[in-house]
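Letters A, B, C, D and E name the chains as they come in the text, with residue numbers starting at 1 for each one.
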Amino acid sequence: MEFFGIHSLRKTLAHWIPPGFRKISPVFDPSLAGRSGLVSESIHRSLKQGIHLPEHKDETCGLPIRQFPFTPLIILPMVQHAGVPSQIVVREGQEVERGQLLATAGGYLSVPQHAPVSGIVQKIGHVPTISGKMVQGIYLKTFPFSSQEVVEGKPIDAETATRAEILQSIQNAGIVGLGGAAFPTHAKLKIPAGKHCDVVILNGIECEPYLTTDHRVMLEQADDIMRGIRYLLKATDARQVIIAIGGNKPDAASHLATKIPNGEPVSIRMIPVKYPQGAEKMLVTALLGYEVPSGKLPIEVGAVVINVATAAEIGRLLPHGRGIQERVITITGPGVKKKGNYLMPIGTPLRFVLEQVGVEDNSSLVCMGGPMMGVAVSNLDISITKGTSGILVFTGNADNPADKIYPCIHCGACVAACPMSLDPAKLGILAKFAAYDDMAEKYNLMDCFECGACAYVCPSHIPLVHYFKLSKNRVKKRSMAKTMHDSSG
Amino acid sequence: MMTILIALAALGCLTLVLAILLIAANKKLHVVEDPRIDTVEAMLPSVNCGACGYPGCRQFAEALVAGKALPGKCSVSTDETRVAIARFLGVALGAEEKRVARLACAGGTNVARNRARYHGVKSCQAASLVSGGGKACFWGCLGYGDCEAVCDFDAITMNAFALPVVDVDKCTACGDCVEVCPKDLFSLHPVSHRLWVNCKNLGQGEAVLEECQVACTACGKCAMDAADNLITMVNNLPVVNYSKNHHTRIPIQRCPTGAIVWLDDQLGAIKGTESKKIVRKGQRRAGIT
Amino acid sequence: MKTESLWYIFINASLINNFVLAYFLGICPFLGVSGKKETAMKMGGAVTFVMLIASICAYGLNALLIAIGAPFLQLISFIVVIASTVQLVEMFIKKMSPALFRALGIFLPLITTNCAILGLALFQTNLGYGFLESIIYALGAGAGFTLALLLMAGLRERLDFADTPSVAKGTVLTLFIAGILSLSFMGFAGLGG
Amino acid sequence: MLNKTLNIAASPHITRGISIVDIMRNVVWALLPVTAFAVYAFGLGALMLLITTTFSAVLTEHVLCRINRKESTVSDWSAVITGLLLGLTLPPGLPLWMAFVGGVISIALGKFAFGGLGYNAFNPALVGRAVLQAAFPAAMTTWHPAFLSDRFSAFPAATFTLPFMEPATDGLTGATPLTVLSLATDGFTGATPLAAFKFERITTETADLALGLISGSTGETCAILIILGGIYLIARNMMNWRIPVSILSTVFVLSGIFYLTDNPIYPSPFFMLFSGGLMLGALFMATDTVGSPITPAGAWLYGVIIGLLVVVIRLWGGLPEGVMYAILLGNALSPHIDNLIRPRVYGTTTRENSHASKAFIRTIRQQPENAPGDGQHRVDLRPDHRTDLSGHTVTDSPAQGRSAGESDFQGHSGNDHKKDISD
Amino acid sequence: MSTRTKTTFLAALDKSPPTNDFIKGLWRENPVFVQVLGMCPVLAVSNTAENALVMGLATTFVLLMSNTLVSLLRAFIPRQVRIACYVLIIATFVTMTDYLIQAISLELHQALGAFISLIVVNCLILGRAEAFASRNTTGRSMLDALGMGLGFTFGLLCLGAVRELLGSGSLFNVVIFPDHFQEWVVMMLPAGGFFTLAIWLLIFNAAKKSKD
């Protein structure tokens, strides 16, 4: 509820504010487009809320990407992406070559999977995943002395291929968002009817502490990114590309700027460091000045946001018609001995990874992804998937890592931190009393994207994000049950 | 004398005017509602559990009066109440066989291993969102007692090994525990279903026992022993076809782990003669990850 | 009777001598319907409305009773008139807004027996207010009642989710809050005087 | 390590590392200079008073926790703050038994009855003081003078009054029954300068007020030290600066306006600012996070309301001082302020926002044709027309576009992209 | 008599309807502490024990008379206008009581102020008329009225005694505490009424809880 229409007042006032200070300012400056070497600070206000985090990136950001050893046993779950599971097309005992198709897409919102190594299908059965579910999967035994050459496929040329062909080949390559959500990229690039994509945003913010995957990719795979941009422009019919880079990575920005070919509508924007600036919606607002409507995608305001690593992968795989078999992963944290960025075959089990890099004895928590949104793993037999951007190992008192929880003192730190302008304090209290319907209807629970800023700042150590995950889960379950009930009678 | 007359007259006039006004208003503004709804609602247990398929007792009462539902649907009321409502409304009872919630897990802390130490909100729902909870068996009961908390009838209590125990007499089959369990371990069954598969582990072979000593290893002996395809193995678990004659204890006898049991009112779950007897009273050691 | 400005009458009835917090009038609805803001708002509106009607009725009746020389009928006639008026309002609400009727529940008939309404009628007669003053007095009293109810409702809504000790839950806590509110309303003493 | 049982917990796996205990402890630090000055100015009486209130608050908290079979919450320092603040708002010569009663009431009624820390809708210290004020109006408006020569060797006469007995007047205050009556329900402090102004129109020098060379409640006299404590907390980000700033500026501006009317009944804004308990109240009482609104805009409104009430009660009320009442009323209003003022949730489409996004689509399409270069074009907010690439004007109903978008993206809403954050 | 026989005796007594009608108002369904009914006079005139007693007795009288009359007339009162009729009956007796108290002591009448008149709208009286007297025989209704009335008086006295004792150091105008007793002025104020009632309710709740 607005009080006295504060927001409309702000809009009215906007006309009196000197142009340079206006919130609504231009999105893209065509007169500058196409000039390579352009790096500009974002002219829009960066995230108003949000928090500053200790970055811990220095430990790995200077280390080049290294090839990780091949594991003797690959564990490949068929659910590595958001959507329908892949359909296995190999049988137990079959020998496969690296890059060979193992499973086809299970539907539109699904991607195929390719063999990360040359080896033999040892078993098809249940494999554990990070969510705790057991899903259908493949155990692949690596040939120890194979040269691990990748199978070539049918190349796709960005200039001659049609839009549909490019989208199809992106799906065929098994590419999903490498940032974490692992949403199939072809589905993201498919512009819905009635919408138009004006700008493709390459997300190189990487605001999570510890992670330097995207940073290294931008430094080392700039050519792949530029090649990927050409495919992206073709696939979306967009007029321009903005590469958004976090303010703590000026080297990546200047390196990329030198790589922009003449005449390409690509510009680079540096955005001040703040968490969670890298979230899709926050990024769109910072670059374009507009908010993505609640429950909608950025395409609603004419933008598509793609992770830089995903773009690099497109640029690397499509010219060869290959499928994705490996990705860059940052392995770091206080408990890791050999920190670094590694190019790692997908499906490498966590236990093998940690054995290779070595961990401290007092390590207590292993987390996949960043420390703010990553998932703690209960089981070292799960494997690296396409969505894994980092592996963090934390040390600490194993018996009682949780701080004492105090009652909420209404200090408002969470309200100031929430990038979505929710009221986490109220939501937390409601969640404690299981008032899930109130949370969803009156307090916009479903807009929470679990960035963790509220729980990070809470001086009472209330597990807000955990409460919200639980509440969202309950609300979704209930609404699903309700639709089923309604449709049945 | 005069005062009394004045008082009488004044009060009389006043009363008359007001009475006329009220009568007129009563006629004009009257709202009709079937009084039987109130009566029926008063007879219902007013726990608003929703087992009848209506959001609350009031709505159920409305449906009853409107003839859209039968009193037997209310599994919470006693038999007398249901009969009384049926008699009051002059409808059939519409009785159904008593159903109860059954738990398909026997992996208490004494037999099932924890894989990781869970820290956070003490609720199964919450724990299941963090890598599925700390339990080694991905399908097993997490033991934080969401079902105990959600049960309005005190029919569920957590035992010493953090497993819920359903009190068959108190259970009204309202389905709240079915809905709340993140591992979908509860289901509603007629009390006559006594042959029961007490496990949901989809794993196979001895490896399963590493996770839980009473898990089903998918050996298939029960399916072999049962006559007439009463039990089939689906996804490494035996499935009892209750439309066939299931009043037999033969299938449980050779089960090596006691994952398929016979539910007895007095004795609880009875295991077969060949199943391992586990007498550990303490916690099973949390093993390596 | 000293003449008071209308402004003072309003401030006096709503803040300084708040009907609920200083005169203890209308405690039953104050304790009963102050759980939710929306209900409190509706109740406050209903009471203010009835107060207005009661005030007008009482003014007319009082003049009439003095004219016919039967002031001892004051109480009886007041209560009868107010009771009938409230019943009319009740019927009206039941017809027009069943949701509102359900929300106010049992308290609508209780407005009849709400001390605040009869108290208002008696006080304004005792104070010898004229017609306009009576109306302002009624509006002030209604506003004060609504304010007290709303403040209480806001606090109680927040405290619904509190670790209140079980013995202090419900009426006890409401009375404690009422006491503290009553103390804080003492700050208005002497205002406008 | 690979053979150990891992811990699992929900994200985030790192925290800021500040707990409410740290905040509370820092509030106590911030209060220490004021406390020290109070002891310096009023001597042993003030010292005993502060010790008594703090002790009784802490003791009550501990005993009530034990009775309720809960873990004692004394260690979170909040009871110490309550006791200390209560002591600082009481007159220095108050009988100790009354101070003790005040401490008990503060914690039992003001905090524990509501459910303890985090639920105390009213500032507990002020609740205690309000009850004391109403219970013992005479003792609460008997002001012991500051900087007496024997203040470190002798106690005020009233300090050691037997429990439940009337304090003896030591003749220093001249509290005649008449003034007692007129001050019977005094405000937060009724500190002498304010009372003197209210009843005798005597103003006090601002410098004296700021430096605390006056009599008044134990801890409210030295405005400078209070401000210093406040600045410390604000600098450490442990206090909502908006609340004191809005209260003080409201009082200053409002009283300034009235002062300019040149009416002798209106004191100068500086006098208003530095006299009485305003400074202590604005910085340490109104900022109690539990009883104040949670949003920045709400905090502003809350401050303005309190400032307004202070001015109204001081200038037109029957009492010389009203900070306590103003803050208590502000506390009572804060749930409503929280409900009224909620920041607009990101992406919830107010009308302007939906227009804006369409306007954006239009502008970006127009750009190749009429590139403005300097990037300052007026955004046309008309929703009904927009130009497509070929220059035709198309009319587009928002519903069509939306439904088409949804059908293509079944089962994946914007929320499914949540993990993109680590991009 | 052993405690056991005593309790069984009390239990038997409790079960017999007439005694139950009387007893329940005193304790189990006490209008002040359990039902929290008729709070306006409870809070307003309980500042001294004397006021409380008079108010309680006046209310008991009105309650008794109205209950009697209502139960006598219950067959004749039409359902639609029953509330109005009850109010009329109650108002008559209240007016009588008002004049009665005025006749006894003008001072007392002034102390109680409008609250005697406001007995009319005491939820307790109307509530008993509606909930009990309109459904039960005259005898039982009278017993009920007596029980409830005395229970109400007891509650009022509990409050009045505490407030007078602390507020002015006396009880029924008899000075209890020695000279120089510090009076708690707050007890005479409205807030004191709220607090005292809250604390009594708290004690009752705690007693009930410890009994469970």
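We take it that a residue touches a chain if its C-beta (ideal position, glycine included) is under 8 Å from a C-beta of that chain, and two chains touch if they have at least 3 such contacts.
Not measured: the values here are computed from a predicted model.
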| item | value |
| --- | --- |
| Most contacted chain pair (by C-beta pair count) | A-D |
| Greatest separation from chain C - chain, by CA centre | A |
| Middle chain, criterion being Cα centroid separation | D |
| Centroid spacing, where centroids are CA-atom means, of chain A and chain C in whole angstrom | 59 |
| Chain C and chain E: spacing of chain centres that average the CA atoms, whole Å | 22 |
| Inter-chain centre distance, chain C versus chain D - centres from mean C-alpha coordinates, in Å | 31 |
| Length of the line joining the C-alpha centres of chain D and chain E, rounded to whole Å | 42 |
| Chain C residues counted as touching two or more neighbouring chains | 72, 76, 80, 84, 87, 163, 168, 172-173, 176, 180, 183, 186 |
| Where chain B touches two or more other chains, by residue | 18, 22, 26, 115-121, 126, 129-131, 134, 289 |
| Residues of chain D engaged with two or more neighbouring chains | 2, 4-10, 109, 116, 118-119, 131, 134, 339 |
| Chain B contact footprint on chain C (complex, rising order) | 64-65, 68-70, 72-73, 76-77, 80-81, 84, 87-88, 91-92, 94-95, 98 |
| Complex contact set, residues of chain D against chain A | 1-2, 4-16, 18-23, 76, 116-119, 240, 289-292, 294-297, 299, 301, 338-350, 352-354, 356-357, 360-361, 363-365, 367-368, 371-373, 375-377, 379, 396, 400-402, 404-405, 407-423 |
| Partner chain D, residues of chain E touching it in the complex | 177, 180-182, 184-187, 189, 191-192, 195 |
| Complex contacts: residues of chain E adjacent to chain C | 36-41, 43-44, 83-84, 87-88, 91-92, 94-95, 98-99, 114, 117-118, 120-123, 126, 186, 189-195, 197-198, 201-202, 205-206, 209 |
| Touching residues on chain C, where the partner in the complex is chain D | 37, 150-151, 154-155, 157-159, 162-165, 168, 172-173, 176-177, 180-181, 183-193 |
